[in-house]
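Scrolling down, you'll hit the structures one after another.
Each of the two complexes below includes chain A, the first together with chain B, the second together with chain C.
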Partner chain A sequence: MTDYTLETEAGRRESLRRMLTIREFDTKAGQYFADGEIPGFVHLYIGEEAVAVGTCAALDPDDLISSTHRGHGHCIAKGLDTELMMAELFGKEDGYCNGKGGSMHIADVESGMLGANGIVGAGPPLATGAALSIDYQDRDQVALAFLGDGAVAQGQVHEAINLASTWDLPAIFLVENNRYGEATPVEKQHNLSQLSDTAQAYDIPGLTVDGMDVTAVAEAVKEARKRARAGDGPTLIEAETYRYRGHYEGDEQNYRTDEELEQWQERDAIDSFKRRLIDRGELTEDDFEEMQAAIEEAIADAIEYAQESEFPAPEEAYDDMFSESVPEIEAFAERIRTDGGSNGGDA
Partner chain B sequence: MSTQESNTQNLTLVQAVRDGLKSEMERDDDVIVLGEDVGKNGGVFRATEGLYDAFGGDRVIDTPLAESGIIGTSIGMAAYGLRPVPEMQFSGFMYPAFDQLVSHAARLRTRSRGRFTCPMVVRAPYGGGIRAPEHHSESKEAIYTHEAGLKVVVPSTPYDTKGLLAAAIRDPDPVVFLEPKLIYRAFREDVPEEPYTVELGEAAVRREGEDLSVFTWGAMTRPTLEAAESAAEDGIDAEVIDLRTLSPMDTDAIVESFKKTGRAVVVHEAPKTGGLAGEITATIQTEALYYQEAPIARVTGFDVPYPLYALEDYYMPEDTRIEDAIRETYGA
Partner chain C sequence: MAHVGLIVNPSAGRDIRRLTGGASVVDNYAKRRVAECVLGGLTIVGDPPSVAVMPDRVGIASHAVEEAPAELDVESVDMTVEETAADTRRAAERFRDDADVVVVLGGDGTSRDVAMRVGDVPIVPVSTGTNNVVPMPVDGTVAGAAAAVVAAGLVDREAVTYRHGRIDVRADDVSGETRLSGLATVGITDRPFVGTRAIIDPSELLGGVVSRAHPSDIGLPSVAGCIEPVAPEASGGAALRLGPPDATARSVRAVLAPGVTTTIGITEHAPLDAGASATFDVVDGVIGADGEREVELADATVTMTLTDDGPRLVDVDATLEAAAEAGILIEER
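Up next is the complex of A and B:
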């Protein structure tokens, strides 16, 4: 198994590799969206890589995460396959959800990825529920929910954290405070200057970490994991970070300045981590170039894989509606196969 | 009203939403717009652009990301003298607020024996056509029409949009105003600058015909008209009725048209099962059974979650599917 913790040299290199992979994946996703090959909406994770990678590096491979609409980074950090991810973004049948979910609905239970989510705030209850299962089945796992600063205002997020806290569940709530929910700055959404202060309401630990520092994120998650596994209940971690791209691709971004973006880019998480590894003698510029080249190739392969995959057949829309096939649905599907599906399966 | 006397502007449907909001806000200081990014940013679809500058942050309120809070707060505002117009960014994001809408907005009046009312308009872009799956594209009007106490409106033209929105805002009861985003910018129409209303609960005959009646609304109106024109080339004279308000539904218009033609096709992009086509068919059966000359056809979306991208073209009733149904119903 790949060594993927921030405590070993190999693990640190792997962490850097995953951060770079996220950036390359999302850079390409942005380009192919602009070209019209990727449908719907895409929300890119560029700039926030240290949060997903620091978090997942501190989790065990068996641990579970729930994700958000901005989920590509979480997927890659958790070890999902970039070819299957890209095919899903393209809406192709070889994707994680057979091309039926797209960017905002990638899920892979085997990797412990309970799902990206088109509904802001819907992830935390899933993590709380998974944590209850873990607890009940006495398994050595935790469930972690990623959520945005905007999501913290949602009612169901409060309900989820309150349940997890009341029942001392092995859950972690990781708030990615990237300063904005769409166009609205965090100060306009909350009356707290530190979102981690919300933890006080649940009497659980709440801490704010530098989300541009992969090690700081990992340390906080490691502690939270320990606490969760000891049966002491959830922790709320706020990681301060920034998204470099617009809220979605095509966002006019009239709500922020270039200077603000540049200030954050000066603290770029990948650059600083790379420099740290070089300073420690764990990486050379050549190693880095090599790593980058290999990643570019892997993502180019993912694009090719996605382009070559087929779109799902129309009748596949009826697949997986229920665990057992329903005769009526079968009949509709058959009709689509034979006549192309006129009249919504009717007459 | 006479359009000759007043000045008009040539607007898209989404511009007519904005113009309707603006003129109602000018008329009545109690009209307040609130929602996620509706203020400074002007809304995801730009439906509220310029309103913040025109009316200020007290009347165009950027809210936190909290649909239940937005609708719940609007209900409280409405019960105590204001006329809130909350926006849901997409109709698929209404569900976190569903309890507020169904358990409270819809029932405030009956529950309080008329002492409280809820003059609120929940606006939401709805329907398919933008290549995004599920919540971003679905048509769930039947959920709202099923709830007694909510009015449900779906405009299909810029002129109607402004007039229906004004009527909804002035209405004393809660209205769910679903804006077909597929045609937000699809075409323009002359819209009077002056405020005016288009009465709720009245269907519009978009094409008169003798041979059969096609009932539809929203974004499906245009492909239905195209299908009717194409069938007309073969001498099939279809009447096309745009229902505009789905609750309360203009059953008189439906029955009257059906009594004339004896044949009907219902077109909606929402899934078939439990969709309004079933309700319309049942209305015809009870009110005009003896005029019926052919089975009533439904052209609808499918009973699946709204699919992504490639399958969207299969999902949406397009003009050929509608035309096939018109021909079959005519020939039956």
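Up next is the complex of A and C:
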């Protein structure tokens, strides 16, 4: 298994490699979306890489995560395959969800990724449910929910944290405060300046960390994991971060200034971690360029894989949705198979 | 008219020690109320000082201005807000020129940021963070009252204030020379990264220099204080080198973090005079000042020099005692 903790030199290099992979993956996703090759929407994670990687580096491989609409980074940090991810973005049948989920719905339960989610704040209930099953089955795991600053004000998020706190479940709630809920600045969404202060309402620890420092995020998650596994209940971590791209690709971003973006880019998590590894003698510029080149090649392969994959067949549109057979859907699929849908595909 | 500066750090008190130790959370509502108490305390004198408050984006300063007692002339400092420690430093620089006293609400880090920029203006550091050595756990109203008495010059300033020490650090490693300063303590940990900044595990402390020491302090000053106390106003301090308790001839039981007592092995405890230095070799670690990890180092030589030339602090008890003795607080009919 890949060494992926910040405690070792190899693990630190792997953490850097995953941050770079996220940036390259999302840079290319943005380009191919602009070219019209990717359907739907893409919400890019560029700028926030240290949060996903710091978190997943501190978790055990068997731990579970739930994600958001901005989930590519979480998937890569958790170890999902970039070819299957890219195929999913392209809506192709070789994707993680046979191309029927797209960017906002990548899930791979085997990798511990319970799902990205188009509904704001829908991840925490999944994590609380997963934590309940961990507790019930006495498994050595934790469940962590990524959520955004906007999600903190959602009712279901309150329900999820409240229940996890009340039952001392092995859960972690990680708020990615990237300063904007879509176009609304965080101070216009909340009466609190630090979203970690909400933890007090649940009588659980809440803390704020620098989300642009992978070492800070990892340290906080590691301690929260210890607490969760000790049976002491959940922790709420707020990671202060920033998305370099708009809320979605095509967002005009007239709600923020170039100066603000530049200020955050000066603290870029990848640049800073790379420099620190070089200072420590654990990386050279040549190593970095080699790493970057290998990642570019891997993502180019992922694009090619996605492009060459087929779209799912129309009659499979409702497959994998219901555990029991639904006669109307069976009839729909049969009609599509036999007449290609020319007589109407209504189920 | 006397003039008082008020600095409230909106982000103090939310670090990882809420998870790893017994630190409590001080939210912004609580800070706002303490700030209002400070303003209330300033009215203890007949002719209260004017006040300038460091602005912030979370409403602490604006509420303080709005809720201030009617007899106080309170305004917000006209400056840009970055929501970082730079705000504190910028406000302190402003107060260096025009304030008679500065009241600081925050932790040791906030006090240090103010101290390095405020010159000779006396400060009243009030604790709202954790792991505090310099800031006092004093009621805001009482702190405000003492600030007003000193600002108005009603008692002998020299008698009721004292100079705190300071530790200046120079570190040389592959990335060049780094300098930083601490007020009460500069410590070295063998954790490789600054991470969440707080010192989480006392066993990672390798040593450092303190400018004051007392068993009732917290952190490295507590360790040194278990061996030989040094008063905050006293000259000099101590250098400490620590080791595993089972490998050192002497160990102490000290308070390293809120809610945590630890056995700390002492390899060396050496009293250090003002002007003297202690040198440490750091293979892979971080130096921290006043309870926060600050600078990552690899194969470094770190020189820590003690100086008595730190900030001037107001002794709140001594101030109000002197005021009472001078009859300032008495109104006769």
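Following the convention adopted for this analysis, the second predicted complex is superposed on the first by the 336 of 347 C-alpha atoms of A that agree within 3 Å, B and C clash if a C-alpha of one lies under 4 Å from a C-alpha of the other, contacts with A are read in each partner's own complex, and residues count from 1 in each chain.
Note that in this section a contact is a pair of C-beta atoms (placed from the backbone, for glycine too) under 8 Å apart; a residue touches a chain by one contact, two chains touch by 3 or more.
Model, not experiment: these values are computed from the prediction.
**Student:** Report clash or fit for the pair chain B and chain C bound to chain A in the combined superposed model.
**Tutor:** On the shared chain A, the partners fit.
**Student:** So, A:R276: does it touch chain B (first), chain C (second), both, or neither?
**Tutor:** second
**Student:** Between chain B and chain C, point out the one touching more chain A residues.
**Tutor:** Touching more of chain A: B.
**Student:** Of the partners chain B and chain C, which touch A:R18 in the superposed model: first, second, both, neither?
**Tutor:** neither
**Student:** One more residue to check, A:K28. First (chain B), second (chain C), both or neither?
**Tutor:** A:K28 sits against neither chain B nor chain C.
**Student:** Check the residue A:G155 against both partner chains and state whether it touches chain B (first), chain C (second), both, or neither.
**Tutor:** The answer is first: A:G155 touches chain B but not chain C.
**Student:** Which partner does A:H69 contact after superposing on A: first (chain B), second (chain C), both, neither?
**Tutor:** neither
**Student:** Which partner chains sit in contact with A:Y318 here, chain B, chain C, both or neither? Use first/second/both/neither.
**Tutor:** first
**Student:** Going by the contact rule set out at the top, does A:Q194 touch chain B (first), chain C (second), both, or neither?
**Tutor:** A:Q194 contacts chain C only, not chain B.
**Student:** So if I take every C-alpha atom in chain B and every one in chain C after superposing, what is the smallest distance between them in Å?
**Tutor:** 17
**Student:** Quick check on the output: what are the common chain A residues between the chain B footprint and the chain C footprint?
**Tutor:** On chain A, no residue contacts both chain B in one structure and chain C in the other.
**Student:** Once bound in the complex, which stretches of chain A touch chain B?
**Tutor:** Chain A residues touching chain B: 39-41, 91, 99-102, 104-105, 118-121, 150-151, 153-156, 181-184, 188-190, 254-255, 311-312, 314, 316-318, 321, 329, 332, 336, 340-347.
**Student:** For chain C, which residues are in contact with chain A within the complex?
**Tutor:** 10-11, 14-16, 18-20, 25, 27-28, 56-59, 173-175, 192-197, 200, 284, 296, 298
**Student:** Under the stated contact criterion, what part of chain A meets chain C in this complex?
**Tutor:** 6, 187, 192-194, 196-197, 199-200, 205-210, 213, 215-216, 218-220, 223-224, 227, 235, 276, 279-281
**Student:** List the residues on chain B that touch chain A in their complex, please.
**Tutor:** 36-37, 40-41, 44, 62, 64-69, 92-93, 95-96, 130-136, 271-272, 295, 297-305, 307-311, 314-315, 317, 321, 324-325, 328
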